[in-house]
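Shared chain: chain A. Partners: chain B in the first complex, chain C in the second.
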Partner chain A sequence: MSRVRSSLIGSSVPKLDAAKRVIGDARYMDDLTLPRMLHGKILRADRPSARILGIDTSRAEVMEGVRAVITAADIPNHSFGHGRDNTPLKGEVVRCIRDEIAAVAADTPEQAEAACRRIEVKYGDLPPILTTDAARASGARAIHGDHPENVALTYHYDHGEVEQGRRASAHVVESTFHLRYVTHCCLGVSGVVASFDGEGKLTIWSQTQVPFLYRRDLAAIVGLDPRDIRVIQPFIGGAFGSKLDIYPFEPICVHLAQVTRRPVKILFSREEEFVASPTRQPAEIRCSMGCDADGNLTFREADLVLDNGGYTSWGATTPFVMMQTFSSLYRVPHVRFDAEVVYTNNPYAGSFRGYGNLQASFTVESLIDELADRVGMDPLELRLQNAQEQGEVTGQGMVISSCGFRECLEGSTTAARWKEKREEYRQQTGRVRRGIGMASMLHVGGGAKIYRSDGCGSILKLDDFGAVTLITGASEIGQGSETALAMITAEELGVKLEVVRVVNDDSEIRPWDVGVHASRTTFIAGNSARLAARAAREKLLKAAARLVERPEQELTIEDGEVLEQATGKHVMSVPKVIRSLHFQDKSELVVTNAYYEPPSVAQDEKFKGNVSATYAWATQVAEVEVDMDTGIIRVLKISAAHDVGRVINRLGCEGQVEGGIAMGMGYTLSEELLVQEGRVRNPCFRDYKIMTAPDMPEIELILVESLDEEGPFGAKGLGEAPAICTAPAIVNAVKSATGRRFTGLPITPERGAREFMKDAQ
Partner chain B sequence: MSVEVEIRFSLNGDELRATVPAHRSLLAMLREDFALTSPRLGCGEGECGACTVMIGGQARAACLVLAVEVDGAEVETAECLRRSDGSLAAVPAALVRAGAVQCGFCMPGIAVTATALLRQKRGPLERREIERALEGNLCRCTGYTKAIDAIEAASREEERS
Partner chain C sequence: MVRIECYSAPTSLREALQLLAKYGDRARVLAGGTDLVLRLEGVDRDLEGALVNIKQVPGLVGVRAVDDVYRIGALTTVTELREDPVVAEHMPVLADICDHFASGQIRNAATIGGNLVNASPAADLAVPLLLLDARVRLASLEGDQPRERELSLGDFFRGPGVTALEAGELLTAVVVPRPPPGFRARMRKAGTRPAMDISIVSVGVGFCVDGGLIRDARVALGATAPTPLRCPAAEKTLEGRPPDAATARAAAQSAVEAARPIDDVRASAWYRRHLVRVHLEREVLHVGRG
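Showing the complex of A and B:
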């Protein structure tokens, strides 16, 4: 006789801390204040390229409320960043408009800002290098002396023989795509609070997504022992990848606190956030792709030039993710990929949700549609024909251990009534036209082995009231990780969700974790929490069996009660078992821990290897309405199918997908950080347009459950995926409505109207 | 030299007096002088809606209002969107239930905007009406869909606040 018990997994659970956040009780960086705290402000360069000839801080130093003014000469100023080419303050050369020249700590933010204005900097202008072409031109000035060609990084990848693929092609399409700057627009601006205690130990309140790497990096920059740095993350008002790097303002704040011996806070203004926080990497991508007469893909070649800006952040490594899409989105026997990351005097890019995959998927999925046109196939059929199945290994060595690709293609198009609408929207004429288009994506879904470990630690503590505390290495940046982890813990342990608390904000007590990136938290931290919960459950069952003198196998734990496995009859409560362990002669705690390391491998020097424990798939179908005169494109509906392995929290999945689509729509239709002459021209929400409530289309979501063997309860990562293929889906829909293929974004009404007008003439 | 002005106003039901510099924004006064944290500084230019409060029942961006302007007025923030037993009022409760909250930075502003809307318009609301009301509240995490769902659901409930 087996009893059916309801499972938490797959249910809809509101975010555990949502009430706090909605009512204003959550404390974000803005809300933090400490006794004797000072406010720091940074003086940035007023030009993108110059020599610094002299800095005079004397007038600033004597101003009211000013406690410290620092320049590069006053601090160790160790270099840092992925390319070790950045420093907290700049003493000799200005390489971009964000450059930090000096910093002030004062009693109030207003005093600090006023003092910044009194700092006099003498510049000797250097002609700015503003395009990647200019940077690579022969004789161009080296922006960093140790990179004479202005090339920060190069990436080469290939599998098969591209020439052979070309010869086998009946159809070849080629195009160049231009993707520009967009930025994260976290509603909570960047900030940090640094405070030293009497023994020289630093506590830093940071919005970082990667607290443990952050601690290591910060220690090296400011010259502290990592053991003397405690990182606390307050509530974070959005991150989306922007907090993967460490930025100059953070060590600057530490130095101000060191110099003044008082806590210091730096909080950006919105304008500063637009000017001095990271962007998505602008890319110029030339790509060609072929197929045989039956629509089987034959080869793919891509040459990318990425504008690195003045410094090399983690964002410069996005080609690493881009190449996965070029090599492995659909079955392609022959692939070559080359990327150059080029220094310019523009603002430097960082990591941003999708990490290069938006640019890559835009390219590949646009060309797939063009290829379908050439072959005369329905774009869905061409995609289905080339879609991978479970068990395949891609040319890059990615093992497709679970695969809902086909289900995504079929599910999204069924929801969108693809065939019917395509027929209906064929040959649209007139001013207002409708169209339908689709695009897919492939992304890591089981972490990514970039560092030596891709693991996460968990500690699980049960107290004698039966309260369960999960202390996890995983960070919460608004994505809902604490809720998913609590659900996994409660399910595995056999307790009610209400008794589980998650501690995820203090490096002093949390076990190690890589951080929030690569959509890894549910998969990696979920597995880790599950292992810790399993160990606790075993301990409880063993103790209960001893108490009632029955074999463990006859007992189970559900909803915080030890039950008879076969009948569900109550045996004793979990708190009672815990108390019996605490208060026996040989007292024992119920505290367990686990470290989960996924079975993935670091790629070799040729970028081959199974870098993630599993991969996520998705297809989105967009239905659009285009006004040919005004250029306004309205998205009517997005049908999104995402292979999530297994749904953990349904509400959480829905929220990620809806939010990702909104971000993807902004990328497609409205968002562009205008960088001209190295300066940001639209540093405000009035001129940088993100989607608003009336812009949102109907969204129909299909969550495909491919039940990954390695994933916690079968789940895989979802966080980045929803933003990745919205743009090509919309652009393909616009092509079907208007006949016009857009190879650059965003398609603002102005750009749209201009192109449609050309076509009409 | 700044001119200080004495004002009287009601804040979340409490009658208060304050002496404020004439140029001080309502947002700065609420956050710094009264230690409220629900009105959030997202842009300081009236573009993001994170600092939305109600003045005389109307949703306003507190960063664009001078503190002296609320002299004699009734100011309400998200902190007051609770029932007498401390539980969440209908709108924030609906936002939580619907899964509208991710990073939550914009949420108090959205809750206040929606509450003002529901007080002004009795009976179930149309989605288009809700979308238009939320146009000035930016959210980067959620895509708005669940907030709209929540407000629509709250507008159908009997007891609204």
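Showing the complex of A and C:
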């Protein structure tokens, strides 16, 4: 009789660091302090566009407590960023409101701030370019001299023959969508501590999501050897993509530390966080889509203009992800996609959970509903009919190796009682109306090969008491990777979760990883940890077999004990095996390592190729209640079905999905960074409205397990997915309730009321 | 950040008033601090005088019935108002709004005195208190002795952040006369979120119904003008008419005409007027239904 062994995989485990966070033991950037540490503050331009005519720091320099004042003239000021168009400090031109003009290091933050206010800068204001239209108009001033047309980047993608698709269409819908600025709202504001030792080696405490690329990039900006930079990540209070880039405050802090020969800390105020951290790309998307008389999709065409703001960050490459949705969400034989990323004097966008996919899915899923209307099909049926299945390859070359798309469509709609509610909510006329709507998404779920390697390294160390330390390249930014990786390690090795510790904060000890992005950590770092654990397990089994003189195959390891495979009879404990290895004649350590590189490829110059080892699918159904008079839209329920491959930590999945829905709802209904005249008008939580607990609806979560062959225990990525299709689901529900289609976000109560008023007249 | 000369937590009213008298307009009273602390990082960043924490001053907390009025101490918190049995029974409109005020943490700190002295046009406690004809008691030193004066809330508010409170004065209590028998009132706070939101507008209405007709009509509006205020025009429209749809519509029209809202980041003047109309109409009918 085979023994049934309980598995950790799929159970609900609270985050390993939860207690620390709750009792205040977790040290965030805010808590960090070093002996003799100074505080840095940055003077920002506070105008969107100008020439810098002169900077006088003399009055600031003589102030009490001030140790250094620097401007562009005082530092190497190497250009950096994805487009190499940014510099730590600006010496000649101001291109956006947050531009860094000078920086002060002083004994206290208050002194540094006071000194900043004493720096006199003479500006010659230039008329700001505030829209992408103005930036592209002929004769417009070039914001960066080397981009005379103000176009930072362009993307073109196609497959099939769109004209042919048009001709085959019985129905065509077309619309233009407008997405505005939102920002990450990490609870922990941006900050950094830089400290040099006597030999000129730098230790930097950073919130970066990509410590190894960060080290390389920072070295180039500040002119150090990357080997002389040690990156330590303290507890990070949220990132959501905002910490994928290096931003000027980081090299500025390094230079202040260099000049003063003392540790320096820069910590943003909340207002600064709103003004000087990145946003999601505002986008204007014109899209048309067709289907034949039976509802089979025929073609899709999209033209996008993205507002880059003053500089190019990694976030400017979001069309790369957007095009995946346009090309491959549902089966579409003919697709064309063109995107232009345009410089303006607005705040600059960065990467943000979903990486362009929120904008793309909003567009595609809104139009899918419109098409269903035209054909006279239930939107669920139209989606099911066009949904891909396992084994298909999309026009862009994405290989659907595992696919829970159908299960997501069916699971979410069953939970939501779709058919019944749709019937119930048909033809409402009152001032309070209900509706139901749905939307799906497709996102990379097995990493994304955008660097030469999409890999992650792990080192696993077992000590003589049986304590297991996983040293991983993967970073913890609050997403719970530490817990998932510990679970995977414990499961593979055959030890209790309690004995596993994860080291994930110090570049000096950790092996390389590309970073936290593309929902990749559980998949990539999980596979890496699993490989290292497997190697250690093999070593232990071999040693145990030798000790008890039995064949290896007859033994197994469970809960830290070596057992007889067939009967479960105790043989010896794992620590005993380890000690026997350590302390024998030919002593040996149980330390293993692994590097996992997913079987994906970098896309070719036509953006084709299987960029991820697997893909994640989801469908969310929203049920809403709309007050036609006040314009307030209340979300009553979200039924969310996510193809996660395999659940590793159930609690972690639930947290990811609930948090993602809160973000998605904010994007839809309330969040907007009001940028007017290049300035942020609502740099505070009072007026930038994120969802709060009472806003949250009932959430019914269906975790679809498609068991991906490549994923660790079958798992795939879930990090970004939950935020991606909430907006179109809600907007489709509002349409079903009111007959009004919103093509712009957010639908604040005021915007809703204006639209619904038209109905009353 | 502030560099103040003096921080003090006096333990008697007299001591508090002495400090306020000494520092005059260079003193700031600290109650719950939920508005003040933000000011100290903003408009009051350069404050150099005194911070007078009044939380130790006895006699400023709680709700009591005295003769024919209810006396609410200035330091009574929003949480206390929300849970107080006297408020629940005699001033339910005040208790109700406390449920939509900020969050639990803020409500535990925020005081009624602070809400009124801060004098935001959107102050949530102002609207129900205006409906209840509340008055404020202001104490100061006369020679060596405390004395108090009383003002109607309508006279107390002068503009955004500006009140009739003079340097050296402390708000000690809010006094609410017993409402007429059968008086019912409701208030509606309109914002993006169900809680933790600054009112875009707030609308309050209260009246008695006598023989099918409205009597003692009171209408108050928040965030529609430089101060929260009563709306006599709408009250006149309501008075003596049945609480039906036509009356509600007419009262809403008068209120919209009286409102002088602004455009700001939270809403346009158009939307504020629109909400005054929608909510007043709804609330008149609600109060009428009992």
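The criterion applied here is as follows: the second predicted complex is superposed on the first by the 761 of 761 C-alpha atoms of A that agree within 3 Å, B and C clash if a C-alpha of one lies under 4 Å from a C-alpha of the other, contacts with A are read in each partner's own complex, and residues count from 1 in each chain.
Here, a contact is a pair of C-beta atoms (placed from the backbone, for glycine too) under 8 Å apart; a residue touches a chain by one contact, two chains touch by 3 or more.
No experiment lies behind these values; they were computed from the predicted model shown.
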Chain B versus chain C as contact partner of A:Asn682, first or second or both or neither: second
First, second, both or neither for A:Ser670, with chain B first and chain C second: second
Contacts of A:Thr692 with chain B and chain C, given as first, second, both or neither: both
Contacts of A:Pro14 with chain B and chain C, given as first, second, both or neither: first
First, second, both or neither for A:Tyr343, with chain B first and chain C second: neither
First (chain B), second (chain C), both or neither touched by A:Ile661: first
Touched partner set for A:Phe362, first chain B, second chain C, both or neither: neither
Residues of chain A touched, compared between chain B and chain C (which is higher): B
Touching both chain B and chain C, residues of chain A: 686, 691-692, 694
Of all residues in chain C, those that touch chain A in their complex: 1, 103, 190, 192-198, 200, 265-268, 271, 274-275, 278-279
Touch list for chain B against partner chain A, complex: 31, 36-45, 47-48, 50, 77-79, 81-82, 88, 92, 95-108, 111, 128, 130-132, 134-148
Residues of chain A defined as touching chain C within the complex: 110, 629-630, 632, 669-670, 674, 681-682, 686-687, 689, 691-692, 694-695, 748-750, 753-754, 757
Complex interface listing, chain A residues touching chain B: 12, 14-15, 17-28, 30-31, 184-189, 235-240, 269-270, 477-480, 651-652, 654-655, 658-663, 684-686, 690-694, 696, 699
